């Protein structure tokens, strides 16, 4: 799971700083400033409150670091790890005011991203015996795509394209305009750079048949029933990377995997994942 | 529902621009640029794909506006409205490339915020007969607090404090440091401005009894069982605003409301709401 | 004076960086670059040139730190201290070019904020025997509210609301629109969150009488003469927090305090404070 | 007074936006959102509450424009105008919520900058018969230099250098390092571009005599008494631009002007100017 | 040339604004402010001063628009057009101060980007008869990659990957670490998403032979002589996209094209292109 | 060459961070993340691939530092040094992933700026025997003026004005508006601050004669032939700083220098300099 590797700090500092400032507002943590002596130290532990997959530990570290560079942060686990309620994830110690002020922001990051990693892992586990990848989509929380796609990787999933610019995706609307799917694929091939893949969305096996000799790299089989998926696989396996998509759930994903498609993309792993809960506890 | 009023554009432009750029990347919507003639016009409709409460329409409008100032956007519904699958929310027409490039960003905003408004409304409806407010917490998605708290209002909920700076909240950790809850309340009162409210977290009725004559404005009854909540209400109703919190679900919220507390705060309405799905359809 | 506690660096770094860049322009400190050898070291002292109250020392430290991380900064005094001309506030030593380039920006911060703290302290001292708080307003220098409100705290004052969003303030213009002050207060109470206080502005004792049984938290007595203030205090003391405001000066503040109001808010402490002068001297 | 010409919007938009957001916080103007109907219109007038010189009208216009593009703003006066209490400066009409939300930010800008223009004008008037310019310094409020230097121009003053990069200024500290003033001037001349002027600070007529044949453009006569200033003028008038500086007040500026210096620079016009008060009144 | 389509304004506004502010500095265009009456209008023409390919017209339009929204901009030509000295590219009319202040920034953008488009076109023309694409690299001017890659498209070239994240490129350094090229390709394939292409750099035909049955999409033939290129094409044509790279010039590109490679990537078209000169002339 | 002194980090951090993020995109360096073990260390050397003048070493250092603070960077040479192909410029060692991810950004900075320094040096060397300065213009790459002007200094050139605000430049268009060159100069003199120089552009010796007694500081002799330049020098040497400009090349610059002008400004040293190539090599 090498690719899981944490995003470099330079890529996440702006997010962490903005999240901290959103919570600190215009006066900072007024409660702690009043009640906690300025030189009081505190030892705390980041503890899991539920079972799942860890993601976002670097963000937690950076939240505390940007709040106070003298905070000590020692990780006990790493992103991608399976964790259960009660697991100590990291020890955090330093100025008490700084820890208390940073606490909620740190927890919000790790809870949100671990929630995504956890649900991703459930899908990945559900299709275990089959040689199929679980992929995310572009249905992500606005401004958090980079982080959420990272969490998908932490959960064992793969990333679909990151934006409108890093792969071509020809959808029905595009076809409605140009009229001819094969012509569209040819047109795209001629225009884009050689490092860009071309994906085409089809709704029926009929459409798939039409583009069978085209130069598309990937075909998205949209909202198909299991038998139709199976037929498409028979028809085109090996010619294209075949991706099943549309309303996939934990209840249906295994049957879809069994059809032989190469990739199953699931929007809900990013847009509707519940958090995995964490807390910052006094470390006695 | 006057307070629902949309956030002024100056408060959301940065979010919208950042979300658009996150999707456009470094080359923009390469598929549409290649396949769609530059002067092609398109009429589309924003359509609900599920039932719930609408929130985020101004963000949708602004996404299209920042993508292309000449896009026409006509809203049929407004934030806070109950909607069902198939409802047309708005008509959007203009340059086809611009609409296609802005589509996913617009949908991501409205789906995320309507998801929050929808689950909030469910909690609000569940406690209908009782004079109790449903409130959010600071457990929000990093960088999106302002928007998510707005969505809570759209769903009929009330907002808890927006950050560490706009109200005092004395928690167990603070007490562990200062030792005496009543002293802490007095200390805070003397230090903060006169526009700031002071909230205190208690875990037991015993703690509540200790601060009964203090000048706290709000008491948070943390993770209490129904009978204990009821006892606290008997003891302190009218002296403080009483807020119940901790693991509240749709299954438990009505019983909590029945105890007579003034506010029930629910973290899951912001941190674990599934989206409400929307689509951008060809408007034939 | 615990709440005085310096703002965390993450809240002021942007201000410091922007101020430095405003002075460095597009070529930096061309004089020092040409005349001062690149490895020349310098020992300097931040010295007060007048008497007053210190505020902004953390900004000074951060100015030098962002200019050159190897600069040593040792504070001799702390924010909120009374100082007189000639007092050494801090020792600063390090690369001479860096110190010279950062000098003016550092001095501008500490002079501006100490000026505010100083005039605030004068108001606070003037009302000493009375149990009344001196408060600032929202009449602050654009973009510097966070810092100027901090300086008010350093001077012993309290902060009024930080913006339009952290407390309700019902003014004459609002009433002109809704027509009924009591109705307005009820309306607001129902809509805002339970952590938000409601303040109402009244111009006459008659208006005060009308809202006497309302649920307002604070009443601002606007531009009233001393006898009228006294009458308002007799009428409403204990029911509301009473705040006197409007053209308050050092000459009038003590008489206002004597009336028994709880808070006196003074715009001039932020919008018209002269600086307290400081210099960076060669430390022989 | 052509050079007074307002700064182009692109140079001030960031300041205006940041100032608005500082006041709107995370929830916007909650009072007006609750109490004022969303479609309520309002006609208001920007009115002077004191006598002085107007500066910052473009910022006022832009504050309202960024808050709501449909606001109408009609200026009756222009920057640099003499105004008295009661003068209507501009008519502003549009959505009531938008006007109320933008009011304080608009007033804070125009009050601060007009305060600077007003005190500048007083200095300019005080030296009227003499061919001498009143100049500002780099002692400005952090982050506001661009605006404050503009206000100085509006008051009839001239701008000194804008930063460390647009002119050379050799001070005592630099000399302490290099040892020889004349050598320093030669050294600078050889290194800087041909569009950059070189200014040298001297404390005594003796120092002035040493550099009499140097290629300096400007000599700053620092903290000199009137007779010494006069002697310096006799010695060096015409060879250099002579600038008097150091603790200049309205009481002393005319005598300084009489000595024949070319420029008098005054720090207090930017760092210690009281505001000129303005209000936004209902326009019946 | 559909893909040439101008980047949407939201993607270039920040660049344009930053470039304008870089030139306006802290006081704006002081010359025009002093000499040109504030209501003076001017009709000007953007004119080519050399022959080449136009690129960047949208940036020119946006420069004038952000300087003054009332400026009229009428384009006579479009990006990708062949132009010669004297050609009128666009008519620009409006406030004279605004046009003069924006002039240099507008010219710098269009000159730089047209320079890149022009040299790209020369390479494209040089390989005309051959079915080979001319591609750029990541050797671009820092912060301008998005714009420079657009200019390459305007000149008829194709874009290589936009960053480290949108395609895999296995170089010698990576191999030095992992030891085995084929293993590296397998490893990558398993880890990256299905929309990402994998490119491998080889220095010799021997290396190419080793990976002949691998799943790489693209093979970069680095710094090979013509005969070696030809041998590689014989060996692997059709299996991979073959890209020649390394010190390609106008003198050598045709011979390389003749070998049958699919893509020739040329760093100098972005990193060393001379500008194509333009001017803003009085439109009599 | 004291003025060459590196720009302080606070002035270049934003550029470096933006350039890194431009290359890292939304997923970072996916190749190295997959193939290189996360704890693999690497020793590398920054090596020149051509002969010229070094510029931008501080940017290289900062690129690696912002990527990973634990990277060791040891410079062997300094900006302004003459270097030849094969010279080791710096040793860089640390985490292999970090070095590989930062490599291209670092090389792009130093190659671009050294390219400018190199061509500047060629012009400087070409006029060696003459007391004339080689100066840049405002024809710089958008957003990079500060860096490119620094590179000019590194090459031994001088900087012309940095923007529209730090010197007055009266051009033909301004005269077309005001009608009288001498009146324009007087007008400017009265309006601008005393630290600002005034430059006037003339096309003919006749124009120069007209302004001979004016108070201009600099006269730009635009696009004149050698004899006309010589005549201008005879007429005005010593009265003004004389600057020759317009289409200057390495072939013509010596003859221009010989005419006796004080400054020769050359646009191509910033807008059309080819890069000086560098590489990051394995340091065995």
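As written, the chain order gives the labels A, B, C, D, E and F, with residue 1 at the start of each chain.
Here is the rule we go by: a contact is a pair of C-beta atoms (placed from the backbone, for glycine too) under 8 Å apart; a residue touches a chain by one contact, two chains touch by 3 or more.
Please read these numbers as outputs of a predicted model, since none were measured by experiment.
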item: Labels of chains that are neighbours to chain C and to chain E; value: A, B, D, F
item: Remotest chain, chain E as reference, centres from CA atoms; value: C
item: Result of counting contacting C-beta pairs for B-D and C-D, higher pair; value: C-D
item: Between chain B and its twin chain E, rotation from the CA superposition, multiple of 5 degrees; value: 120
item: Distance from the mean Cα position of chain B to that of chain A, given in whole angstrom; value: 22
item: Chain B and chain F, separation of their C-alpha mean positions in angstrom; value: 51
item: Averaged-CA centre spacing for the pair chain F and chain A, given as whole angstrom; value: 44
item: Chain B: positions in contact with at least two other chains; value: 2-3, 22, 24-28, 30, 34-35, 37, 101, 145-146, 159, 162-163, 165-166, 187, 191-192, 196
item: Topology of the chain contact graph, where touching chains are joined (line, ring, star, complete, other); value: complete
item: Complex contacts: residues of chain A adjacent to chain D; value: 22, 25-26
item: Touch list for chain B against partner chain A, complex; value: 15, 18-19, 22-32, 34-37, 40, 42, 96, 100-101, 104-105, 107-109, 111-112, 115, 138-146, 162-166, 168-171, 173-174, 176-178, 184, 187-188, 191-192, 196, 268, 271-275, 282
item: Chain F residues within the chain D interface of the complex; value: 2-3, 133, 135, 158-162, 165-167, 187, 191-197, 199, 218, 241, 243, 262-263
item: Contact set on chain D toward chain E in their complex; value: 2-3, 5, 7-8, 10-11, 145-146, 149-150, 159, 162-163
item: Chain F-facing residues of chain C, complex; value: 17, 20-21, 24-28, 30, 33-35, 37-38, 66-68, 97-98, 101
